[in-house]
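Given below, in the form of structure tokens, are the structures.
In what comes next, subunit A is part of two complexes: it sits with subunit B in the first one and with subunit C in the second one.
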Partner chain A sequence: MSASPRFLRATFARDFAIATRSGGGWFYGLLFFALFATLSGLAIGPERASLAIAAPAIAWLATAFALQLASADCFESDFRDGTLRVLAAENESLAPYYVGKLLSLIATIGVPLICVIPVVFLMFGTPASDVSGAAALIIIGMPALLVIVLFAAAIATGLRAAGLLASLIGAPLAAAPLIFGVLSVKSLFERGVFWSPETMLVAALGLFFGVLLPPFSIAALRYGLE
Partner chain B sequence: MLSYFANPSKFEAFARKGGPIAFGIFLICTLVATVGGLLLAPEDYQQGDSARILYIHAPTAWLSLSAYTFIAMMSLIAFIWRHPVADVTARAAAAPGAAFTALALLSGAIWGAPTWGAAWVWDARLTSMLLLFFIYIGYIAVWAAATDTARAARIARILALVGFINIPIVKFSVDWWNTLHQPASILRIGGPTIHPSMLWPLLVMMVGFTALLAWFVFVGARADLIAQRNQRAEASAPSRPLDNPTAIIDESPA
Partner chain C sequence: MGPYQTSWNVRARDLGCDRGGRAIVRGVSFTLESGDALQLFGANGAGKSTLLNVFGGVATPAEGALHWQAGPAASWDARTPQRQVLFLADAPSVKAQLTAHEHLRFWAAAYGLPNGDRESAISAALERVGIEKLKDTRAERFSAGQRRRLDFARALLARRPIWLLDEPTAALDAQSAEVIGVAITDHLSAGGVAIIATHATLNAPSKRLAIG
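Up next, the complex of A and B:
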């Protein structure tokens, strides 16, 4: 299986190149994140107290939606032009392909989001001392969100209205990390505890989904081809 | 049994017999339980007659969970053994399951409005139930969105299995979290805490509603199998001389 690391590297390099080249649109998800946060801020109004209450929820929701949107058509073009079929026929496992996609998603949307999340917290009136902690809490929740959105994308691949269907499938699964994620940020703001039980639960959900969902996603990709 | 029902025509024969039986059980049980629940059982000492919605609320909630469990089990069977009928029965249980979930939420809201003072609270039991409804919709949508039924079946299996993680959360949410919704009073360690005079109509109603689900699955699966057979017959039939008018005239009644 010496081909696996090469397969992984090739998938990552290709996807990263496609996303970051001119017109690749890697920043659309990021822009959506910014717009969602802005519109939420406008909808809530300029009152600092209500903004501060809403900040954890808005940041988490914007992150989840941005990841969902950025990944929704992740496997779609490979399925449509037959790349996925060739890759599945040539390789014993699609796991390296999946990991390559995951890494390219982290590089093109995960890392940019992490850079922008602190700005959103600042705009919503979070004290500067809490901002880095709050952003770190969202980073802890990102693995769970990433494997959930990739699972939804894998299920929806090749179906009609795949992008919208993927959000319909992913959203119920994302509820648990969202609930505990928002609670973990709240406990940081209100009690100053970073490693609260909620944080532990978010990390545990990341591990749980990280073990459960990748095999199911890979199976969905492969069985969808038969 | 698993391999016996792998033959669609054997399953169809079974469903043709089982359907009316299930429907009969449903009619008898709901009739008996309605009389028992509305007339014979005493009214609740705190909630009065409003507690009688229990006889709809609990069975629908119970079925929303068991229909999904059934879907997940059938999906597992289809996933492992590539069982041709398992997918069909799983699909047939999805729409009734979603309807039962909606009914459980609705009857809960009708019950909650006077007793809790709120039709909806963001409580773990209610929220996980609502998520179950969305999971049902997603499952149905995957079946509907695929252009090719065999492919839809393969993908829907995987989705059903992953969605199953929500079922224990719904069931145990009232034990794990301190919720406004009451904890389990029937299926619990230490036996039921509900008085026998109120319990028996409830159990009979649950049997009746389970028979209703069985009837839905029998009818839905049969319809699906017949549709599949017609589709296959159409695809494999040699081109008939439809543009030959005498062929039609010969067959039409005089």
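Up next, the complex of A and C:
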């Protein structure tokens, strides 16, 4: 086996161990998700009809914010302690490192979010028969959101107020997946259509950003070290 | 330590580098052959670390040329052979949440050490730098010197012929600095090259070049 798959697996294992030990970004991301959904529900009021209308937007926004929060300083720790500089000097490509980080983010925040998203829909009065479909639609949108938040984190690495800057960079890029993601869930609720044109667009955006952003993220990490 | 498979030579001609758009180093020229070491010395901010970044391919030189040669018969190449480089940053690249063993397991995998050799290589490296008893202790409990020694243990795992070391003996007592000096001497004896930015005088045979 070449060094790259080992390097990828090692990055994943290291980041997973650190994340589960330190109560890092994933914990705050999940906490934020729960708080945002709960406070939104309280702000909307007790009417079930109003809650049901707001459910798709709240679930999508909470997911996007939680991912953003969990990943904002994803590369920052490695930048600060010199690990990123060492890895950049000792490897022609940071691609295995990037993929390891992405997989670690999926394991530490993506999977927990997938587990709690159905709870939010139930809280907001979504019929039980639609909950799994609505959660699946958010899962379809997650790849786009994940590569966007990692791109924003890579651009902001090493800069002052990196976490805040990452949020500002990521927000405009996340607009399209969020808009079509919310519409795809509404389409499921109102017309019972899972594979609507909006769902196709969300999947296409995931593919588009998934191809486009990782190379730019990796280049941004190297450029940030110069 | 057995000899390296490839002996590397490095040549710099009128090398210069900038930081924040300001020229900080100009006119660096030297040639190192397999078995040579170069100590870069100079005041804080003189550009030693920036120069090491250029050697490591992390930064681009503002002027001049840097070339690498994989053995006397090979052609000179401007690209840094990064898979042959061991880079030690000025601060120890150590994660507080990981034990010494976990830290080195990450680097052993990053360096592509076969699974079968990994544990013995990690134990040998920890023993060599004198922290084998801290194998299962998290680095958050390490002193600054112990962190530096753990970081240096990477150099012994990597088995890479080009060492770029930034202040390798910072925060170390005389005995630990001696261990690192011996490791560098062994590395050179095995045919490696080393470029070392340092304030201290290392106990290893080397050329010296003033920066700034």
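Keep in mind that, in the parts below, the second predicted complex is superposed on the first by the 220 of 226 C-alpha atoms of A that agree within 3 Å, B and C clash if a C-alpha of one lies under 4 Å from a C-alpha of the other, contacts with A are read in each partner's own complex, and residues count from 1 in each chain.
Going forward, a residue touches a chain if its C-beta (ideal position, glycine included) is under 8 Å from a C-beta of that chain, and two chains touch if they have at least 3 such contacts.
None of the values given here were measured: they were computed from a predicted structure.
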Next on the checklist: After the superposition on A, what does A:R160 contact: first (subunit B), second (subunit C), both or neither?
Outcome noted: first
Next on the checklist: Quick check on the superposed pair: does A:A17 touch subunit B, subunit C, both, or neither? Answer first, second, both or neither.
Outcome noted: second
Next on the checklist: Touch test for A:G224: subunit B only (first), subunit C only (second), both, or neither?
Outcome noted: first
Next on the checklist: A:F216 in the overlay: touching subunit B, subunit C, both, or neither? Say first, second, both or neither.
Outcome noted: first
Next on the checklist: With both complexes overlaid on chain A, does A:G192 touch subunit B (first), subunit C (second), both or neither?
Outcome noted: neither
Checklist entry - Looking at the overlay, does A:L173 come into contact with subunit B only (first), subunit C only (second), both, or neither? => result first
Next on the checklist: Is A:R85 touching anything from subunit B or subunit C once the two structures are fitted on A? First, second, both or neither.
Outcome noted: second
Checklist entry - Now for A:R9: first (subunit B), second (subunit C), both, or neither, which partner does it touch? => result second
Checklist entry - Which subunit A residues are contacted by subunit C in one complex and by subunit B in the other? => result 226
Next on the checklist: So in the complex, the part of subunit A that touches subunit B is made up of which residues?
Outcome noted: 151, 155-156, 158-162, 165, 168-169, 171-173, 175-176, 212-213, 216, 219-220, 223-224, 226
Checklist outcome for this item: Counting only contacts in the complex, subunit B reaches subunit A at residues 127, 131, 134-135, 137-138, 141-142, 145-147, 150-152, 154-155, 157-159, 161-163, 165-166, 169
Item to check | Complex contacts: residues of subunit A adjacent to subunit C | outcome: 2-3, 6-7, 9-11, 13-14, 17-18, 21-22, 77, 81-83, 85-92, 222, 225-226
Checklist entry - Which positions of subunit C touch subunit A when the two form their complex? => result 53, 56-60, 80, 82-83, 85-95, 97-98, 102, 105-112, 158, 160, 164
